[in-house]
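Lettered A, B, C, D, E and F in written order, each chain numbered from 1.
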Amino acid sequence: MFLSIAIFIPFLIAIFIPFIYKRVPNRNIGWFVLVVPVLLFLFLASHIPTVAEGKTTIHTFRWIESAGIHFTTYLDGLSLIFGLLISGVGSLVILYSIYYLSEREALGRFYVYLLLFMGAMLGVVFSDNMMVLYVFWELTSISSFLLIAFWYHRKKSRYGAQKSMLITVTGGIGMLAGFVMLQSLTGTFSVRETIQVIDQYTGEGLFIAAMSLVLLGAFTKSAQFPFHIWLPDAMEAPTPVSAYLHSATMVKAGIYLVARFTPIFGGEKIWFYAICCVGIFTLFLGSFNAVRQTDLKALLAYSTISQLGLIMSLIGLGSAATAQGMSTQSAIFVQATFAALFHLVNHSTFKGALFMVVGILDHELGTRDVRRLGGLMAFMPVTFTIALIGSFSMAGLPPFNGFLSKEMFFEAMLSLRGLDLFSLGAWGAIFPVIAWVASIFTFVYSMIIVFQTFFGEHHPERIERPAHEAKPGMLIAPSVLATFIIGIFFFPNLIGDYLLRPAVKGLYPTLSNVESMIPAITVWHGFNTALWMTIGVIILGVVLYWRLHSWKGIYTAAPMRLNLDTMYNGLLLKTEEGASSITRFYMTGYLRDYVVYIFTFFILIVGGVFFTNGSFSIDLSNDAPIAANEYIIIFVMMGASIAIIFAKSRKTAIILNGVLGYAIAILFVVFRAPDLALTQIVVETVTTALFLLCFYFLPEWKMEKLPKPTKLVNGLIAVSAGVIVTVIALAAQGNKLFESVSVYFENAYDLAGGKNIVNTILGDFRAFDTMLEVVVLFIAGIGVFTLIKLKAGKEERDVEDQ
Amino acid sequence: MKINDVILQTVTKIVVFIILTFGVELFLSGHNNPGGGFIGGLVLSSAFVLLYLVYDIETVQKGIPFDFKKIAAIGVLLAVGSGTGSMLFGSEFLTHTFSEFTLPVFGATELGTVVLFEAGVALTVVGVVVTIILSISEDV
Amino acid sequence: MNNSIVLPMIIPLITGILLVFFRSHIRLQRIVSVVSIVCTVAISVYILQLIQQEGILRLDFGGWLPPYGILFVADSFSMLLVLTTSIITGILLLYAFASIGVTHEKMFFYPFVFFLITGVNGSFLTGDLFNLFVCFEVMLLASYVLITLGGRKVQLVESIKYISINVLSSWFFLVAIAYLYGTIGTLNMAHLSVRIAEVGQGPLLTVISLIFLIVFSLKAGLLLYFWLPGSYSAPPTVVAALFGALLTKVGVYALFRTFTLIFYHEPGITHKLIGVMAIVTMVFGSVGAIAYQDVRQIVAYNVVIAVGFILVGLAVSTEAGFQGSIYYLVHDMIIKALLYLIAGTMIYLTGKTRIDEMSGLIRNYPLLGWLFFITLLSLAGIPPLSGFIGKVYMGQGTIEAGAFLLLAVAFLSSIFVLYSLLRIFLNSFWGETIINEDDDVPLKKGMLVPCVLLGILTFALGIGVEGIAVYVQDAAETLMNPQIYIEAVLYER
Amino acid sequence: MSVEKIGELVGVAFIFAGAIASVISAFGLLRLPDIYTRSHAATKSSTLAVLLTLSGTFIYFLLGEQFVSVRVLLGIVFVFLTAPVAGHLIVRAAYRSKVKLADISVEDALYDVLHKEEDEKKDGAGRS
Amino acid sequence: MIETLLTISLVLFATTIAIAVVRIILGPSMPDRVIALDIIGVNLIATIGIVSILLKTKAFLEAILILGILSFIGTIAFSKSIERGIIVERRKDR
Amino acid sequence: METLITILIGVLVTVAVYLLLSRSLIRVILGSAILSHAVHLLLMTMGGLKKGGVPLIGEDNSTFTDALPQALILTAIVISFAVTAFLLVLAYRTYKETGQDNLDALRGFEDE
């Protein structure tokens, strides 16, 4: 209950921010905002003991009951750990931002977005209903979009925002489709309920489709290959945002999603392979690309991508536990998951700290280009310390928390060797190799951060402001994180027992003995392969860092140009160009073409179906006899109508049209329709008069000088339309299935007191038609009046209200 | 160029009255004979058109100072109103009633709300046709 | 019998006629129109409520029992649309007060709007095929006048195309009615359904149904939409908004009615064809939406995409699909009105129509900018705005029917919607502010308020969607079982 | 033979006469060389034809079915009144718009009048 | 006998109309066409008279007068348009 | 009779469509006028031709032709009259405004 409300608190506060900002238009507004995440953090932290005992809480608000969409919040270990990260890192980031952002910025807007994001993110992790999850999921995309484009007058900001929005929303929509598929299988949107019944449906084709779509959502959000391209561009956001959204929380939503859905999809081979392969490849790609970056923030972005890949691959590995069932064999997979969650937390701490450090550099020195920095250790000792702690932790060195999770990662990867699962075979050996290579690059870029920035020569002329230490306020948040980095290393089991184990348990609700499979985290676990691998990483990493300038050339080698970014840009451009040329091709603006389309469609569809489905049957037996004079009339009509086409002057054509009209009046006489004949005569006259009246001032028509093919096409269309109309009419006559209802009207005199049946129908039986017909006439009359009287020329022709 | 229209104008004076009578007769007898509001209205309007043709807009406007748009609007209102009226009496929209009357000239005649309806139709038609023709003619 | 169901049509009609008399009393015209539209809304709500209690309502005009007379049938589907139409017209009228200008107001602008609504509401309510044609004509005639109102060159040129094509479609409509009358001998839709069900939908009837398909597709802009972008870009903003929000929906409604009530026996031909047409519409609509730099064109193609999307529900013909379509119809009416208003306001403010010529609008007009942002999210179906639930149901519908191609295209189209509108947002609202402080055109309150109202509406409909769920379910059920409708029309009393 | 039968026969005879007159006038319309001569055929004999036919119809209904058709009577009056006026007007129009006389015409009495007006008002009514 | 005579007359009238149509197509001048049109109108009146006898109905008799009215108005309109180029004048002195 | 009329309808439709496809505005309008003629005939034909007497009660015949199509045609005639009138005036105004009656020159919106 309180949890459900807690999710909405950020939204509520966000609504009031603009009003508060009007009163307090300076950075002090940040303090108001800060209260929110701090309170939330404390509130969530108060649940740690109960959750650690294995209790979960669930609460439902009814929302769209008819569609089975309820606002259900579910608190278990897994969601708690994310919730704590969100509120905890959120508090620090807001604290940091109070000092980071200048007072000239639109602070009100910034905090609205940030709160929006925080609420959305909490919603994602605490929602049990997939639809609600999706709601919040998209909200995170939107708030991320808004935050990236916070400085919207910059072109690059807009570009980055658009890119991230397009990619994540596309993934989101795919995910929505996946959710709906799951629902149509199981009949529920609730994740928990789905987990319970999913076993019956794993064989269905929809199941696989749903799985891939959900993965699409997760991969786009978590910047996995090949969707990682939005993350580097998202770095246009203010640094606190990057620290918060694009390293600590939002990008982990994809990981959360995968973790959450592991009990549902975990048993599938495709799930396992997709996540592991994509994760490990992303890990490599990210770390490899990070090394070449000169912008510290871009470097961190790629590093984030790579770390996300690492966590993803661990989670993927962990999913195999579900496939293995309850057996003790699955212990290694459960441990992998444990490692994943552990690294998730660690990553948030060290990456958050590093982002803040880069932010400080940027803020104080005006640049974050490694080539312009150097030798800052003396000027910024505190910043340097934090950077050192963060980087070494990232590189996986003791005594920092990164070391612990990195070791666990290596172990998990090693365990893939010789594993007889999903016919993995010898391929399992590739995983640890890639992981190891990627770790070397990780080490290299971690060193770049520390050494190229803080050691070496100081060039004051290359930076915009003289180097100095940042204000203490700005240093608080990263220091807190740095403390965590070290603290976790020394007391890992504190979070291991209270947070991670319940989380793993939440991840595998179907496995009973999860906790017993996880050993306590130990700092020292003897000289095993993992440790040797770490030592190898350090040695090779140092060498590579040393010789960096000599092998950097491979980045500029040819194939690297063909990257996904250019493909994305090219795709957008090509699509737009292609769309433009396609649309312009058929949207010509000529009435003739449009009429051609309509009739072509008519001929193809109606004619095609008519002649193929066997409705072509003609029955002439019911025909009435024809008198001689009627022949004359009909042939006159045919002649007159054909003559219209060849008429040399428009008046002739109009008169011929009049002839047609009068002839029809005669036909109406023949067909015993006096009212029609009268009406037709009068209307025809008036129409002809109008024709003459209006065309008097139009130019004389010229004989159409059309090219032969056009004429041919016109003729062909015209003739086929005529033929189709005729044959269908003939078929319809031969196919009278029922007596008409009009027999009823023959009692008109008794029913409505009229002897003229037609007029009785018009005036009484179907008076409504007549009433509306009069309205039509009225509109036309007034319309003609307006059309003629209201001329644009009378007013000034401004663009007012186009 | 002055054109002498005496013959035409003289004939027209007679003819217009024939037409008007005929038009009214048409729409009144519509329920039992061919005719009805629409044709009646058209014939009536043709009388007006004839006047405009033979004379000119200003002269006619002096003689018959109607705003034909409003006539049309009144007509539509009448047509719709005759339907709405029945709602007030608790029957379905557009329910017509009729009964026989003995009128001095016409003899036994049925009169019903239908006549009201038809009159509305006729008025609309007159209004609209004259409006259209006048609008165009004035614009030229 | 229930006379109240004619009121949503008669009130606008009488209002329109009365307003003709008050041509030069603009203030009076405004007051009367607001009062009348409020009455219409109130009555629509009342009827909607009544349907929940008493089932489908009908009114036989003149007391002539179906199938001989004409009748109005009010079921949840039609009344939902009537209600939405009335609400949106009310809001658009507010915008018109601020924007349309005295010259237009004196030239019967309000009467024409009311006639348009008469036609639209009549089309939603009628139970007679020929009467549907007549109602269409009322609506079309009013739209012809509205599109030319003002008589700017571009309006005239576009309206010629618009009118010619609509004349053609009306012609097809009459041809189809003639054929159907020739074979089946009746015009009452329920009666047609009964008779066709009796003898089976033979090949000839299928062919005839295809002509109806052409007619309504032309009106709805399904596949045969090429007239739409041009003609919806020409008239004044309010009119364009009315068109974009209402006119195509009438065609969509007619498609739903005919192909669920009358021609539902041969889904292998008709519904499959509708599905194919929906796909092509969405694809080419998406392509068109990103092809132009002109705001009005982009907006117009968005209308096209939405039509394709809504008809996916008909193509799959499952209950969830119908629900999706109905939700989306209602949503689309609201959001298209808003979209057109904002686009028109942008053009009013800048005097430009191309997105690369305007920039940085959000600095001077923040509320407008954020409204546009909400609009674009709502259009892309992003929750918790009104487009979301329709999309979910549509997804369910297609999945139930196994129409995965439809699902894919429908969902992908919303990305194109997002992209096309995002381009407007990024280029025109964000970016460097080009406008000088001096050139800054003040945004009239009267223009902003309707936008805000519509924005609130899309929010409210998104979050409080449960409020209309009952009606939508009822409507979808009626669409699924034509028998319910037939019972109410032919066998009750 | 009853009165009805005789009446009917008389009526039909009138009609037949009218029909023949009509065809003759039609030939005139086809064969005569210019508008002015054709107008004779058209207005005079054609009017006669119609009047005959209508009278025939009237008689037919009057004697055959004892039905006084006011409308036909009105019609007769109407045609009688208007047909000549119409003929007059159209020929005048033709002349004013300077439709050429046939080559065999001998005299154009109003030539000067027309062309004097023409000089006074240059732009005249020359369009057709 | 009556029927045959009437039918023959009908055919004769139809021939007249057909000839008039030929005249309309041939022209050569506008007034020629107008006259032909006038003839068609007048002949139609006659035709309707005959047809009513043939069909034994009085339903079409209204048409006679209507046609008369229309052909009169039409002819006047045409002649005015030929003569003055304008059909309805705004003011007297033009 | 029905067959012949139906063929006539076909001819009318052919001519009308051919006119609709041309470039001149007048032709297009004429085309639409002829289309409406055609459809009125079609409605008539669909009700059956000459299958009874004039639909006036009181005349001495016992069977009547189908009156319903006649009523429908009447409505349709009026409507098509209204539309044609409007279209005509529109054409007139367009010509006055643009000096063009050639639809090729009246493309309206295009690539701006």
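We take it that a residue touches a chain if its C-beta (ideal position, glycine included) is under 8 Å from a C-beta of that chain, and two chains touch if they have at least 3 such contacts.
This is a predicted model, so every value here is computed, not measured.
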Chain hops separating chain D from chain B, counting only touching neighbours: 1
Each chain counted as touching chain C and chain E at once: A, B, F
Chain closest to the middle, measuring from C-alpha centroids that were averaged per chain: C
Per Cα centroids, the chain farthest from chain A: D
Pair of chains joined by more contacts [C-beta pairs], C-F or B-F: C-F
Distance from chain C to chain B - Cα centre to Cα centre, in angstrom: 37
Centre distance in Å when chain D and chain F are each reduced to the mean of their C-alpha atoms: 31
Interchain centroid distance [CA atoms averaged], chain D/chain E, Å: 10
Cα-centroid distance, chain A relative to chain C, in whole angstrom: 26
Overlap residues in chain E, where contacts from two or more other chains coincide: 10, 15, 30, 55, 57-60, 62-63, 65-66, 69-70, 72-73, 76-78, 80, 83-85, 87
Residue numbers of chain D (touch at least two other chains): 74, 78, 82, 85, 89, 125
Multi-partner residues of chain C (each touching 2 or more other chains): 13, 17, 20, 61-62, 130, 134, 137, 141, 144-145, 148, 151, 153, 160-161, 164, 168, 175, 178-179, 181-182, 187, 229-230, 353
In contact (per the touch rule at the top): chain pairs: A-B, A-C, A-E, A-F, B-C, B-D, B-E, B-F, C-F, D-E, E-F
Touch list for chain A against partner chain B, complex: 674-675, 678-679, 682-683, 686, 689-690, 693-694, 696-697, 752-756, 759-760, 762-764, 767-768, 770-771, 774-775, 777-778, 780-782, 784-785, 788-789
Contact set on chain E toward chain A in their complex: 7, 10-11, 14-15, 17-18, 21, 24-25, 27, 30, 33, 37, 40, 44, 47-48, 51, 55, 57, 59-60, 62-63, 66-67, 70, 73-74, 77-78, 81, 85, 87
Parts of chain E lying in touch with chain F, wherever the complex brings them together: 55-59
Contacting residues of chain B [partner chain C, same complex]: 69-70, 73, 76-77, 80, 83-84, 87, 91-96
Residues of chain C that touch chain A when the two form their complex: 13, 17, 20, 61-62, 64, 67-70, 99-101, 103-104, 107-108, 111-112, 115, 118, 122, 130-131, 134-135, 137-138, 141-142, 144-145, 148-153, 160-161, 164-165, 168-169, 172, 175, 178-179, 181-188, 191, 195, 199, 202-204, 206-208, 210-211, 213-214, 218, 223-224, 226-227, 229-230, 236-237, 269, 273, 284, 287-288, 290-292, 296, 344, 347-348, 351, 353, 360, 362, 377, 380-384, 388-389, 391-393, 395-396, 399-400, 404, 407-408, 411-412, 414-415, 418-419, 422, 426, 430-433, 465-466, 469-470, 472-473
